[in-house]
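Heads up, there are several structures right after this.
You will see two complexes here that share chain A, one where it goes with chain B and one where it goes with chain C.
Moving on to the complex of A and B:
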């Protein structure tokens, strides 16, 4: 491989290295200089986690070839403050609680630094615009924007440096805004996520993924890949020594495809090699012969009698059906003055945590197979892996690395098994880091759902009966589907006491990207339908939206949809607080008319209208250079 | 109709805390350590929600040291007690209470030794912010000294604790059961502006009132609400994972559109505290519940603004425009029909 001599300054120090001309500046910083504060979130210039300064300009280092950095001055997050110290912007992030998972934070700190350097007098709107190239999935940006404004005020002298000091604690630590203990390591880029970790003699893994949604695997030949220079091993399902299968509820997913593939992107084989490039090249040498099978892409189709079967154990393609029955819906609908019927749909949603899946596995001196990864459930993963690799539970160890965003998406053991197998086969540490594209096709999504709703009400707004049917697309594997349907059913009819209900939630297999756990676990899909129905009903009955909810809300002593008696129910309090804080103008939906006074008041922002920013000469003059 | 129309909508919600329809459990170990510090070992790692800080606050409150003096053990199945999964809005409730109980046991051992040393009743001892004193006396010492004295008396002040949440499974026929022992409720109001020419919806304000039981770290709770609201906003208006015959067409962030700082409304969080009577801390949770009401509140607000109801998420500009056109066509037909 041809190489070039690269000479530049990084964080004020001269650096000379011989590098691969194809390397990105990001790779050079992370792999050659071990400056892992600069993160890779997407590799396509979309997310901003890899932001650095090149000759003073904010640049996404995943888009810049290292060779182009010849002779430049690079500044990374590690170079902003002296070791052990924090710059004003970093202190501001610490103070406001701007870092959550922290994976986007080094990039955010760099973007914020750019704001303070280039536009120290920036308005809130300009701050938001200038930070618009950096994605955060945890914080909702509010505390980040607050931190930038705080640092701006301190830097420009509008606030004293005291504003960056922690809040005083009264007579209890509970209820006080103690600053996050992990923030200093996040705002400086010091915290090591799994993909930042290295071990001596470490191998790199790459995964061959299915190009088909549903196909039989006729044969897999890894011999040519294994013969390649630099390849330590190739693994397939046939290397699994124990009982293959994982899943949060049903263990229907092999750690690599076994006999057939059920979705595009499913792992089929993996290679561990001396470096990532060799591992990826070796994938191209693996020969897989597929015989395509008819696929299922719509959950309604999956229920048809003639539908192809995706898992032999479930000939009807149903992963789970959860029924709830309370009271007598026929009686309830008979008592209704108004019966509403409607349908609702929600889409499949990607978790989009900024940290793509990554992990590191090794076999330790006591023959313990150890996997370090941002797994959201190491306890369960340990149980499953022990069965898969046929080892006693004390010979399987899971270590949870800092999670760069999870939201449920890192509960599935979709790659840890492959890492363990390769480590067992080579007795060397093995690391795998997903690309963003891999993360998107291989990880679970939020269940897309369709709900058919029937609600009966009396004229005074009391719900007499609900019939609720949900059909969800579980995709190719069970993952958390069963639990998601259970939670969707339990929460279905919302925080209301309804005497007569019939709820059915169903999830089926298809050959789509699997659906799994995602923050609310079915709760939002179900309550989106219910809360829409409540407003539709309010409008029909001429009731205020708060009023119809109060008429039906749960109270202490209410029986829930699963007939559990509630000891307390704070719904009355949250309704009152939201109504008061928002200065809600009472009245039936659509009847407030043009003379309403509730809009555009405190608690709202100005609409965003992107475009050229004009400023008068006087304003320009007043700017600090 | 004006080009830009505003409206408001509300959605209420509820949620259960910890794992569903099962017995949930977590464990922790604690030690009051040299130098007036505390060591807490429990299977937990930060997934961003702030759990390490919350646990340090709890440990500090229970033992009398300061939060920054607490060392929290890493999540390691071979080195720490089971705390199980980081999800289900269970970390503060399950692990927070386990840590509180473990710390109480360690503290009681320390207090017993110091009470004998001072010849006072253990019940009179109070420790806070690194200092220990006996109420009604002038006796006081630092936690550093207290641990030192305790150890010189031959006692290492250690404790362990576990917490259980008693859910039951659902009946397979009628679904009856007690899936959770703690419930939370929330209500959000959304204010939107709809551009009737482009179909674009901007969310300008969200008022989010959520019961969290007891807010251990109010700023952290706000962060969870703000993050949940913006994820809910993304699902309401733009996010859409698409496949064609099982092949994704949204394979990166260029195609899969996420909210940025420019999409974020002003968010007003109101923390309501209805303490949980079944746990030592009274805290419940906020991680997941924060997201539940956002999308329906936005859809209800769109309806208030322009009179169209989007029943299929996301309310993309295309869908909003199509719904507006349909509404216009419907209204144009009305006089003829009458």
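Moving on to the complex of A and C:
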């Protein structure tokens, strides 16, 4: 491999190394210098987890070849403060609770540092604009922006350094602003996520993924890949020693495709090699012969009589059906003055946590197969892996690394099994770090769902009956689908007491990307339908949208949809607060005419504009004049 | 993933041209690299192996800018952030800060060059409409029998289609020369799916100059991007408005007719609605800014007097 001599200063120290001329500055910092505070979230300049200063200018190190940094001065998050200390901006992040999963935080701290250096007087709007190249998925940005403003005030002398100190906690922690214990490790970039970890003699894994949605695997030939210099092993489903299959409810998913592929992006084979480049090159040498099968891409089609079968154990393609019955809907609809019918559809959504999936596995001196990964469910994974690799549970260990955002998307064991197999085959540590594209193509998504809704109401706004039918696209594997359908059924008709309901939630197999756990776990899809119906009903009956909800809301003593008697209910207070906070103009939807008076008040987000820095320059000029 | 056999950083134009002239098949000229690295990924070009990358960012002759009369020569190494951070550039090219602030983000603007944006020739490029509006020309240099040769091409003629230009083998874009537009009011309109790091669905650059009375347009420049294979000057509107008083009814009428300019192959209905709105909004905003620029200049004179 060709190499070039690179000489530059990093965090004030001279560094000289021979590097691959194609290496990015990001790779050089992380792999050659172990400065893993600089993260890779996307590799395409979109997310800002890799922001560093080059000759005083903040750049995205995934978009800069290391060679371009020849002779420059680099400053990374590790160089901001002296070891064990925090800069004002880092203290501010700690103070406001700006770090949650922490994966975006080193980049955010760097971007914030750039704001304070370039525009120390920046307004809130200008701070937001200048931080626009960095993405966070946990905080909603409020706490981050608050931290930058706090640090700005301290740095410019508008606030004293005391403002960065923790707030005093009185008699109770409840109601106090308590700082997060893990924040210092995150704001300094010290915290090691799985993709940051290295072990001596470690191999790097790359995964060959299916280009087909549904196809039989006729043959896989890995011999050419295995013969390559630098390749330690190749693995396929045939290397699995035990009973293959994982899943949160039904163990329908092999750790790599077995016999056939069921979605585009499914793992088919994997290679462990001395470095990532070799592993990727080896993938191109694996020969897979597929025979394409008819696929299912719409959940309605999956229920058709002649539909292709995706899993032999489920000839009807149904993963789970959750029926819920309460009262008598025929009686309820007979009592109704108004019956509304509608359909609601929601789309597939990717979690887009900033930390792509990553893991590191090794076999320890006592033959314990150990997997380190940001798994959201290590105990279950451990039990499943023990069956898959046919080892007793005391020879399987899972270590949960810091999770750089999960939101439900890291509940499924979609890669840990491959790492374990490769470690067992080589007796060397093996690491796999997904690319962003791989994460999007291979990880579970929020269930796309359709709800067919029928609601009966009396003229005074009381719901007499609901018929609720949800059909969800589970994709190729079961994953968390069953639980999601249960939750969707339990929450289906919302926080309203309805005497007569008939709820059916169904999830089916298709050849789409698998659906799994995602924040709200089925609740969002159901509530989108129910709350939309409530608004439609309010409009049709000439009622205020808050009023129709108060008429139907659950109270202490109400029976839920699953017929549990509630001892208390808080929706009345929630509605009161929401009405107050939104400065709601009371009345039915039609009474206002084209204009309403409750829009655009304080706290309303301004439309999306850019150019705050021009305005603040004008202000500054104004002040001088 | 991008891999390079060789990565060269010449420091003079002669070295760069010599490397480029003798470059192996598949070699690339690179500047900011902010487009090529995301391009070499799964779903786009995939794994790309370059036998040679010639990085122009340290070629001394391509640095900086200089004014010649009413024209401004921008070296090919001028990066997008310069239009925001350099008050001299902002004064001479009042449309560029508004365009730049919508281009990628503060970090990518530190690397990405205006010349690179032109040479990539994306139909959605943010840089082309303002440069066309400023009668931009590019200087293309090459070696012929050891001699440095250069030619100048109008940007309107240089970009011939999506990703297509008249750049010939062995040529390097050395500079972009544009009109100085001091005293013009400017506006840049852009729509995409988010605020930072967004590729335009459509964009439009406008510059207007008011006459001595401040009541009539002395000059109007309009150029639109993202709505056809190449960016376009809207000369019919410019000609119609020159000499006219700023009249919102007239502007609205002229704007309405621009929907028919949309020649894109996708999202046509959407773009047909966007473009007239852009023309109207950009002319209104640029006119307001031209007025306040005049106001500020007058105030300054009063103060100086």
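By definition in this document, the second predicted complex is superposed on the first by the 601 of 625 C-alpha atoms of A that agree within 3 Å, B and C clash if a C-alpha of one lies under 4 Å from a C-alpha of the other, contacts with A are read in each partner's own complex, and residues count from 1 in each chain.
In the analysis below, a residue touches a chain if its C-beta (ideal position, glycine included) is under 8 Å from a C-beta of that chain, and two chains touch if they have at least 3 such contacts.
In this text, all values refer to a predicted model and were calculated from it rather than measured experimentally.
Once both complexes are superposed on chain A, the partners chain B and chain C fit side by side without clashing.
In the superposed pair of complexes, A:293 makes contact with neither chain B nor chain C.
When both complexes are overlaid on chain A, the residue A:384 reaches neither chain B nor chain C. Looking at the shared chain after the overlay, A:437 reaches both chain B and chain C.
Of the two partner chains, neither chain B nor chain C is touched by A:479. Within the superposed three-chain model, A:132 lies in touch with chain B and with chain C [touch as defined at top]. With both structures placed on the common chain, the touch criterion links A:610 to chain B and to chain C.
Within the superposed three-chain model, A:46 lies in touch with chain B and with chain C [touch as defined at top]. Number of chain A residues touched is higher for B, counting chain B against chain C.
In the superposed pair of complexes, A:65 makes contact with chain C only, with no contact to chain B.
With the two structures overlaid on their shared chain A, chain B and chain C come no closer than 6 Å at the level of C-alpha atoms. Touching of chain A by both chain B and chain C, each in its own complex, is seen for residues 44, 46, 129, 132-133, 437, 608, 610.
For chain C in complex with chain A, the residues that touch the partner chain are 1-7, 9, 32-34, 37-38, 41-43, 47, 50, 53, 55, 57, 81, 84, 97-98, 101-102, 104-108, 110-111, 195-197, 303. Taken in their complex, chain A has these residues touching chain C: 2, 4, 20-22, 24, 43-46, 48, 51, 57-60, 62-65, 67-68, 70, 111, 114, 129-130, 132-133, 277, 280, 435, 437-438, 608, 610-611, 613-614, 625.
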